[in-house]
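Both complexes shown next keep chain A, but they swap its partner, so chain B is in the first and chain C is in the second.
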Partner chain A sequence: MAIQEAFEYAKPKTLREATKLLRKNKGAMVLAGGTDLVGYLKEGFVSPSLVIDIKSLAELKKIEFKGNALHIGALVTFTDILESKVVAKKLPVLREIAEKVASVGIRNRATLVGNICSAVPCLDSGPVLVAMDGVVHVKSTLGARKIPAEKWFLGARKTARKPGELVTGVSIPLPKGKAAGCYLKLGRYQGEDLAQASVFVLMVGGKKPEFRVAFGSVGPVPSRGRRIEKSLNAGESETAARALVGSEIKPITDIRATREYRLHMCEVMLERAVQAARARLTGDGPAYGAAII
Partner chain B sequence: MKKTIHFTLNGQKRSIDVAPTEILLEMLRERLGVKSPKCGCDRGDCGTCSVLVNGRTLRSCLMLAVEIDGAAVTTIEGLGKDGEMSPLQKTFHERNAFQCGFCAPGMILSATELLARNPEPTRDEVKEGLAGNLCRCTGYTPIIDAVLEVSRKSGEGK
Partner chain C sequence: MADHKYIGKSAVRVDGKVKITGAAQYVDDLEFGPGLLYAAIVESPHAYARIKKIDPSAALKLEGVVKVVTGKEFPYRFGLYMHDRYVFAQDHARFVGEQVAAVIARTPELAKKAAKLVKVDYEVLKPVLDVETALRDGAPLIHPELGKYQHVPWFFPEKDTNIAHFRKVRKGEPLKGFEDADEVFEDTYTVPRYAHCSIETHGAVGLFDHSRRLTVWAASQSPHTQRHLFAEALAPLGITHNDVRVIAPFVGGGFGGKAGVSMEILAASLATTVQGSPVKVLWSRAQEFYNTYQRQGVVAKMRLGVKKDGTITALEQKLYWDAGAYVEYGANVVNAAGLSATGPYNIPNVHIDSVCVYTNLPPGGPYRGFGYSEFLFGLESLFNEVAKKLGLDPVEFRRKNAIREGDILNYGGKMNPSGLHECIEKVAREIDWGKKRVSSDPKKAIGKGFSLFWKAPAMPPNAASTAFLKFNEDASINILVSAMEIGQGFLTVMAQIAAEVLGVPPTKIRVETPDTDRNPYEWQTVASHITWSTGNAVKNAALDAREQILKTVSRALDRKVESLYVEDEKVKSREDAAFALPLRDFVINGIMMKDGTFRGGPVVGRGMFMPEFASALSDPKTSQGGKPNVHYTVGASAIEIEVDRETGKIRIPKVVLGVDCGKVLNPELLKGQVTGGMLQGLATVLYEEMRFDDKGRLLNANFTDYKIPTAMDVPDEIVPIFVEHEQPDGPFGARGVGEHTMIPAAPIIANAIEDALGVRIKSMPITAEKIALALKEAAALRKEEK
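After this line comes the complex of A and B, so read on.
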């Protein structure tokens, strides 16, 4: 399939140049990995006047740990995440997430930031950001903004990004204590598929363990499970927490799964994710990436 | 506006004028006559259009041609050396790891990337490395076996 609508192409060398181009051209779109954008262009779903390829902006290709947060630049691909020593050491559950995204040929190009900019409801990068109070960093010629992940996702394919703004990266604040997480993604078969439902759990150890919970693919945007967190933080069991799932999410029936199936599987996955995170915290849990569902 | 891009294709320097809207897969097939990458799904799901760009498999149906400016592109035509097939190509051939062959270039390129990064993969790692490359003929078993055989052989050679 050929792209029908013509556009211009620019590959700026600096961030300043990129934001200037974005401001001057109302119809411009940003290209990083392109695994979504090029598909949209071919389908005629978008028709920008200018495509701004940001792949020369080396400063956006970094994964860094500073100020107690993990920073992931806009050009970091899922393969980069899988191969990063910093991620393996500081937030190994992020590898479990990256590994579940599509296939190698896509992960080699697709970026985490691109994933949250496309913001389809089944995105894999959403739950972790929402659960861990991730922050989205944007820049424009007018200055920089930091947007909490929960305020970033406004609806299916809708984000808080304003015209002229370029997303430069995301940061994930890491908890002070020892922590372990688990990301479970339900697909129609093993191997690459879009999620029917997904659950992210983080457990922070200590005398009074603390939990973070979020769901993906069961609503237009990834959603935090605050009632469940409260119950788990109060020392209730994961089996008790299952009963709260129905009050946190309102999935729909669509081509990939029914409402009932999604609800039921979210209960099962929540329970198993909490168990896995707890076992990982004490060091005898399943390896990250192991099949748990 | 057209842009002149410079890149290497299977080790040879190439320059070509491309429009921003040109898809890499179309450019390779229609303008440069490289027919091994194929258009299966045209949307990133099947892997038949895979090419190696700087050693990584990418889906050429989801890339603009202008994006490969300065890169090294390898298709299956460029895998062998001095007219000899690569060990993976040979083993696929000997083990009958394809029937119609439509998926073979993508499978072999993906396996090439996998073995370059992980010379002794487990069966599950091979499956994960090849996921996203669909085969409608073989049922995958001979393909996975062929990749494992090559990794074992190169292990023996050490």
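After this line comes the complex of A and C, so read on.
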């Protein structure tokens, strides 16, 4: 299918130039990987007056660890994440997430930042950011802002980005102690799929282990499971935590799954994700990416 | 069994090089120059509506728009087996997506834009979206004119109802059969609609030139049938068969969807409105889902009478098919399934009603398996339930009732040679039937499922195939046939058949896709019948050529014809070991005599095959008499699954399929059929499903929400077992096998799930979700009971 409507195209060389273009053109849209945008253009969902291609902005193509946080630039693709030594060392569960996004071809182009900008309810990058207090960095001609992930997602396909703002990257603060995580994504078959539901768990070791829990694809935005965290932090078992799932999420029935199955599977996935994270923390868990559900 | 040089060997695909190098052309690759016009379709947004007015004025104002065409220009009905379909909707639109008008423009973008500007006023009517509603007294009639429609003699429409065809089969004494039974079991199973999902969408280009010659290039399984239907439908314009030419380039997948005529009629018709300019109609993926053919849904209500020892005394099958808005092809699916809905079992008393029901959903039609997968899901599931209740092993139950050569078929004829029992034994052994494995993971349950299957080609009794075979100077050969290569390896197998007869290697034989002006007649590439039927035609053409060759040599060199034979591209003699005349020396130029004159000349063979023994005429009340099916291909299949008790997710360590194909012509290609067919079948039972809303709109006309298997979904091990009980009238004993490999997939899964978990799921697909929720419900029930 061909792109339906004509549009102007610009490829700025500097961030400043990019934000200027964004401010001047109300109907502009930003192109990074384009795996969402080009599809939307072809199907006629969007008709931007200008497409601003940011692929020349090399400073956005970086993965860095500094200030005890992992920074992921707006041009970092899921393949970059999979191949990053920093990610492998500091937050291997992010690879488990990246590996479950679409297919190889898409991962080679699609960016994590693009994923959170599209902000569809089934996005894979949401739960980890929400659970780990991730921060979204935006820039405009007026200055920079840092937006906590939980405040970033406002609704299905709705974010806190204001007109004229460009997302430059996200950062994920890493816990001080030894930690291990698990991301489980429910799909309809073994091939690439959008999540019917997803669960992210991070366990920080120590005398009193601390947990982070978030769900995806069971509401308009990724949601943190604070009651579950509290229960787990208090030393309750993951089996007991299952009973709290219904109080944390209110999934709907749609073409991909029924409300009942989503609830049921979030319970199962929560239990298994906690078990996997716990085992990984001690070094004898399933490898990241192994089939757990 | 004779030793063969090329038959039974895995000859390399003759279309391999052209496809691997990218030289192969598909419809959308063909160049038509700058004059090519493009059509976009104005589609009905309603499942059922009266068309009040069509206003094209806004669209016509767009620069570059050539024409807007509506049903007014083409008030003609047409169809393959029943004339119930229109080029464009006339006064009523009958499904969401039906073509109401078309815009022809200079670019595809313009055509699409203009199509949105065509204003159609509808009076929206309440659609009929399921068979139950359609069969209710006083249901709106989707085709009030049904009684007047022209159709083949083996259809029985019921006028003033929504029943487009009613196939009744009565064998033996069903009432008595049930009386004689020790126990009677009954149940209802349902199967939804499915899509073929060929990777190449439908496309066609039509050109009506200034001499009034109509040429259509189409992604097609049926070039000659398309020529015939175009000529029939457009006859009022003065167009005859002689005016119509269909050219079929390579096809990117068919699975039945590109048989007959669906959207291709648009290219043919629209071309006549812009004489001199070619018009392209190319379906989007969404259109591919909602406006070609769909596999029909079915509600199957069945009763089975059995003796305590497992002998089946009677079967009643009531199959209600959701055939959609137009059934010109789909009604024959209903017919074929009705004739065979006992499965490959010897059941003395049979009562089958197979009912083709109009609904306001997209037209149903041919899909690999042609109705057999649909009824087999319920039947083979019920058999397991019955065996369980009788305390019998499910394989033993099947073995006891499985059909044998010579047994009486549902319509009265005799069963052809059959290796069914051999298939049962070999498949059971391969899957280690009777041995239960326990998973080391307490969350996982392991189960095995078993099913038999059968299928006969569903075709008119006079469906024929023909072939031309011509030699070139180097003794290479061109074979001209009109069946289609749709991935199954047809071209290669035809080359092997000719190679075997003529002693010329398949690498020197070209077989290509057809042009109806140049290539001889073929009915259609459907029904798993072309290896058999076209194979016979090619074999006959090769025999014809061989006879010419041997006679020429005999005549020119004074050798007895009976002593001569061909081998290694030479004519040799049984009487004279030293004699070896290369074919290349004479197959074009003939053999020079002493006086300088020549004998022989270019060798051109001709072959034809039509099953002169077949007949579709029978008693409409019982289907007795006649011989509607040329032969059945039978087999058995088994699977082992590992299912997660909490998530319902299934892993498949092993699946086995044993089939009696008569004779394996090319083992690698046949293995490919088993892998592909099994995978397609497993997808239909595990996750594929067309979902419609309460307005009749298809909700998943895309691969985001209609899932087809990927490489990651292939079972760990697929074991094909080939049994060879030769088909007496098949080429080298072969019979059809293409569709069969997917037919048992649904029941083996359903039975394996029941074996593993004790839950019986009676509606397809059996998704992980359905399994998990069924288990949850069962657990809740157990809790309540306690």
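Assume the second predicted complex is superposed on the first by the 293 of 293 C-alpha atoms of A that agree within 3 Å, B and C clash if a C-alpha of one lies under 4 Å from a C-alpha of the other, contacts with A are read in each partner's own complex, and residues count from 1 in each chain.
The rule we apply is simple: a residue touches a chain if its C-beta (ideal position, glycine included) is under 8 Å from a C-beta of that chain, and two chains touch if they have at least 3 such contacts.
Predicted model only: the values in this text are computed from it and were never measured.
After overlaying the two complexes on the shared chain, residue contacts for A:T14 are found with neither chain B nor chain C. Of the two partner chains placed by superposition, A:S237 touches none, neither chain B nor chain C.
Put simply, more of the residues of chain A are touched by B, taking chain B and chain C as the two choices.
Contacts of A:N68 after superposition: neither chain B nor chain C is touched.
Of the two partner chains placed around the shared chain by superposition, chain B is the only one that A:N108 touches, whereas chain C remains out of contact. Once the two complexes are overlaid on the shared chain, A:E192 sits against chain B and chain C alike.
Of the two partner chains placed by superposition, A:T282 touches none, neither chain B nor chain C. Applying the stated contact rule after C-alpha superposition, one finds that A:I293 touches chain C and leaves chain B untouched. In the superposed model, A:T253 lies in contact with neither chain B nor chain C. By the touch criterion defined above, A:M1 reaches both chain B and chain C. Where the contact sets of chain A with chain B and with chain C meet, they give residues 1-2, 191-192. Interface residues of chain C facing chain A in the complex, by the touch rule stated above, are 108-109, 112-113, 284-285, 644, 646-647, 649, 683, 686-687, 691, 699-700, 704-705, 707, 709-713, 767-769, 772-773, 776.
Chain contact summary for the complex, chain B toward chain A: residues 1, 3, 19-23, 26, 42-44, 47, 50, 56-59, 61-64, 66-67, 110, 113-114, 127-129, 131-133.
On chain A, the positions that touch chain C within their shared complex are 1-2, 4, 186, 188-194, 255-258, 260-261, 264-265, 268, 293. Put simply, chain A touches chain B in their complex at residues 1-3, 5-9, 31, 34-35, 38-39, 41-42, 51, 53, 55, 79, 99, 102-106, 108-109, 191-192.
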